[in-house]
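Here chain A shows up in two complexes: once beside chain B, once beside chain C.
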Partner chain A sequence: MSIHIPILIIISPLLAAFLVLFTRKHKIILATVSIIASIVFTLTLSSQVLSGDKIIYHLGGWRGPIGISLVVDGLSFFFSLITLGLGLLVIIYSIPERRYGRTYYFLLLISLSSMIGVIYTADIFNMYVFYELLSLAVYLLIAYPKTGVTLRASFNYLIMGGVGLSFFLLGVGFLYAMTGTLDIFHIAERLPAAFNSSTRMVLMSIVLIVTGMGIKIAVFPLHGWLPDAHSMAPSPVSALLSGVTVKIGIYCLIRVVYTVFSTEIFLLIGSHNILMVLGVVSLLFGASMALAQKDLKRLLAYSTINQLGIVLIGLGIGTELGLTGALFHVLNHAIMKSTLFFCAGIMIAETGTREVQGLNGFSRQQPVITFAFVIASLGMIGIPPINGFASKWLICLAAVEAGYTFLVVIILTASAIAAAYYFRVIQVLFSGPLKQDPMHAHEGGQVIHGGNLFRSWPIYILAAACLLLGLIPTLGISLVKPAVSLLLFHVVP
Partner chain B sequence: MGSSKIIRTIAQKIFPFIVLFGFYLISNGHLSPGGGFQGGVVLGTAIILLALSHSIEQTEKKFKSRWLNMLEKLGILTLIFLGFLGILLGYSFLSNFLPLGKPGQIASSGLMLFFNIAIGIKVAAGVSVIFYALVRYRGEI
Partner chain C sequence: MTPINISLLVFMIGLYGVTSKNNLIKKIMGLTIMNGSIVLFFISIGFRETGLAPILEKGTTSGISTTILVDPLPQALMLTAIVIGISVTALALALVVKIYAKYKTLDIQQLSKER
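Let's turn to the complex of A and B:
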């Protein structure tokens, strides 16, 4: 049975997703149990993966370029842990909300299962299929409240996401035309020869794939869908979108850039400069747009663009330190941003307004939630004892080492702007008395208890993780190390 | 609905042949062009044709959307279950554990036929359920 673990990790949420549709009472138990089972399966692989093994599973017993295989190595293990961990917390956070029916959990489980599929598959076309499945589930999750705004946001994302994935598919088509195979590792073997004979085709496929994933990651000129989609979705879904779904795009980018096109080709073309420029532009743009927002969740959504810029800069620098910083920042951002969105969900439910100005006096009402919010936003700014500092520091070090000192200046400027907009929210939280009644009716005409066990515990856990990773960053770095050495040297220490 | 008697009669007469063709596509998917999805779409179209030529209400009485919903989920669950059987019998997920017959016969590709049937049922039910939903929510937002 132990050989089959990679497929069981994908199948367990998928099976639960369809079983959820049959039951009315046990939907939450089924969803939670299936995700916990997946986490346990993943953790059983941890010793093998972290010691540097690569676990390969052939679907249907077909090997190599013919069949589809699943690969669990350092990189995919790291991303799948983030996905499953946050997925579990998102499910727990959505328990108290009665409006979420069977369809909600169905979509949530489908999206989680297809995320793991994107992460584990070694077949680049299969990656596209899983990504499309993930996107479809996510479009529906955004539109779940069925109000006009969410429908518009979801439709906007549908169009943009569809275009992005078409670009990706076109790039995959070019790769297939050149190498005659869809298996990532076989493409990587055959690509250097193809690069010598038809350089332009390789260039074209890189351009198409980076553009397609750029839409999914929301780098600056292609970000149009993100602020609407991430801010209009229900709060747990926002946390999932900002924390995990965007990271899947980053995973695909890393996988394609560093594994399919080897690092040598990548440097030869000079694409790392493009990644860096995109990173810098979206960093500054996200920061300055977030500064102008009045809507709390919209501010957080623009902050996502800002933080992903930092990750792209780390990837663009491409040295060992830079990659470590970038991957570590992926983990940190996932934790911090989902804390913030969870907190924002409670704040919006309690005060009944999405405006930052309407949050007066929230700290007196919910001190612990406010504390968690403050921790996570300090992490976002990059203040020392919190985890965001550690990864930003690594990226800045890498930038100095590689001779890009101006990047440090830009990152620091963006951090200062981030400080401006987060401190504005924190100031409002701590100032003034609350104007409304403590228990405010939600849009659905239903009272939500902010101190609910299921709502607050995910936040406490995530805030504790922020502090823990900030105080002992080696924990996170040791998780990232196998992935980095795999990407750069194709061997594991 | 106001479709003429000719259309209603022809649709009724043609219905079993469309269903037959759908089943043919599903069951010969591993031998000739076609397969579970294509056959399923043809089966779904048969139901849509009935709904368009006769009234929706009449068709929904025959093919209840509750049952179609159930069939759709059962189709995918059958597929996953068949995949799991591969693991339980000591092969890998979705691998074939049935004997391979003589090439060219219906029973010649092990599990493929059953996969096609499961997919066919799912797609047929799915297509008709989507059609029902589109018709029912016409004009609303």
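Let's turn to the complex of A and C:
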């Protein structure tokens, strides 16, 4: 039993997804229980993984390069924990909304299960298959309300995402042509020899895979789909997209860059500079576009581009401190951004408008929710007692240490712009009387009271996590440490 | 012109279709062409001229060296990739049907003007 835990983590939501289609009453219980079961399974592996061990599960008993294996190491454990934790909160948050039927939970569970699949699999083609499955579920989730804008947003994302995954698959093809294997760790073993004999093929595959994942992560010139998709989707789905789905792209990028193409090859080509430039550009672009937005959720969506830029800068610096900061920022951004989207969902439901200006006096109506929103947005800006500060600080330290002092200036500038747009929202929240027209509320459904238990508790939990990780950052860093030492020093199983 | 070069050329044609055509259906066609080119690419990796099917019977292995066998793995992979490609195309077309019912147009320029 205990040997089979890695596959059980994937199977449990997948099985529940299909069972959900056959029940009417128990769909929520089923979905919640399956995710909780996955979390419990994951936690049973924690002591083994955090001590630096690597758990390898051979699917169907087929070993090594012939069969597909699942690998749970520091990096995949960290990402799967984020995915499952936020997935559970997203399901809880969607409970009060009655128009979410069985298909909604089906798609949610499928997407969560395939995310875990992408994270755990050690076979690079299998990674593509799971990623495509994840994307299909996500396209449908965005289009779930079936309004014109959501359909268009979903179609845009489908085309861009399809192109991105095609690039990824072509890159995988080049890797296979050079090394004759699809297992990530075997490719990593054989690649240095291939690099010496056919440098151009290696370059081509790096370019293709980084471009493909760049579309999925929405780095600056390839970000076209993100503002529409993230802002038009239903609020719990927005939280899932911004908090988790984008992080899967980051995970694939890290896996491919640091494990498949080892750090040495990567530095030799100078690709870390490319990651850094992409990071800087999307950082500044996201910040300045967010400043210009009137729509609350669209502002949050552009802020995602901004924050992912910081993560990319951390990855580009590539030192131990830089990677720690980048991975810690992945965790922090997941927590903060889903808090913000959850709050935005309640704000939009209560005031009946998506405009920032329409939120006048919301703090009087929902003081606790407003408090959570303020905490998370202070974290986004990077103000000390909140978690966002800790990871930004680490990345800035890493930049100074590695001799890229100008990066600190750029990150601080972007933080100042972030302060400008978040304080604009906060100021509106605290000012003036509430505009009373509750009747014109909501995107087609009934008005849901924000004080609802299921709606507010996920927000409280996440806001508390923001404060906790900000006050005791060592908690998060100890979670990240095994992953970083695995990436840089290749701690062998 | 090796098959690999041809497949990359076709990939570029598909990319051109996706990025520069205004009609939604043509964009989907571009995506399908990209998918097809990847299938061609993978198959040509595994292809060997005058290669044999990689089926070994008991007792006959001694005479055949594995260097003249065709690599079967890319073909198996491409079966999966084709199925995935079809599902993406089906979903895209379903979305297009819905979009057309709402806006009565398939032109992306006109769609972006709609609110």
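As a working rule, the second predicted complex is superposed on the first by the 484 of 493 C-alpha atoms of A that agree within 3 Å, B and C clash if a C-alpha of one lies under 4 Å from a C-alpha of the other, contacts with A are read in each partner's own complex, and residues count from 1 in each chain.
The definition used in the following text is that contacts are C-beta pairs under 8 Å (C-beta built on N, C-alpha and C of every residue); 3 or more make two chains touch, one makes a residue touch a chain.
None of the values given here were measured: they were computed from a predicted structure.
By the touch criterion stated above, A:155 is placed in contact with chain C alone, chain B being left untouched. In the superposition on chain A, contact of A:410 is made with neither chain B nor chain C. Looking at the superposition, the partner that touches the larger set of chain A residues, chain B or chain C, turns out to be C. Common to the chain B-facing and chain C-facing surfaces of chain A are residues 148, 151.
On chain B, the positions that touch chain A within their shared complex are 73, 76-77, 80, 83-84, 86-87, 91-96, 141. The touching residues of chain A, counted against chain C in their complex, run 125, 128-129, 132, 136, 139-140, 143, 146, 148-149, 151-152, 154-155, 158-159, 162-163, 166, 169-170, 173, 176-177, 180, 182. Residue ranges of chain C in contact with chain A, taken from their complex: 11, 14-15, 18, 24, 27-28, 31, 34-35, 38, 41-42, 45, 71, 73-74, 77, 80-81, 84, 87-88, 91-92, 95-96, 98-99, 102-103, 111, 114-115.
On the chain A side of its complex with chain B, the touching residues are 1, 3-4, 7, 11, 14-15, 18-19, 21-22, 57-61, 148, 151.
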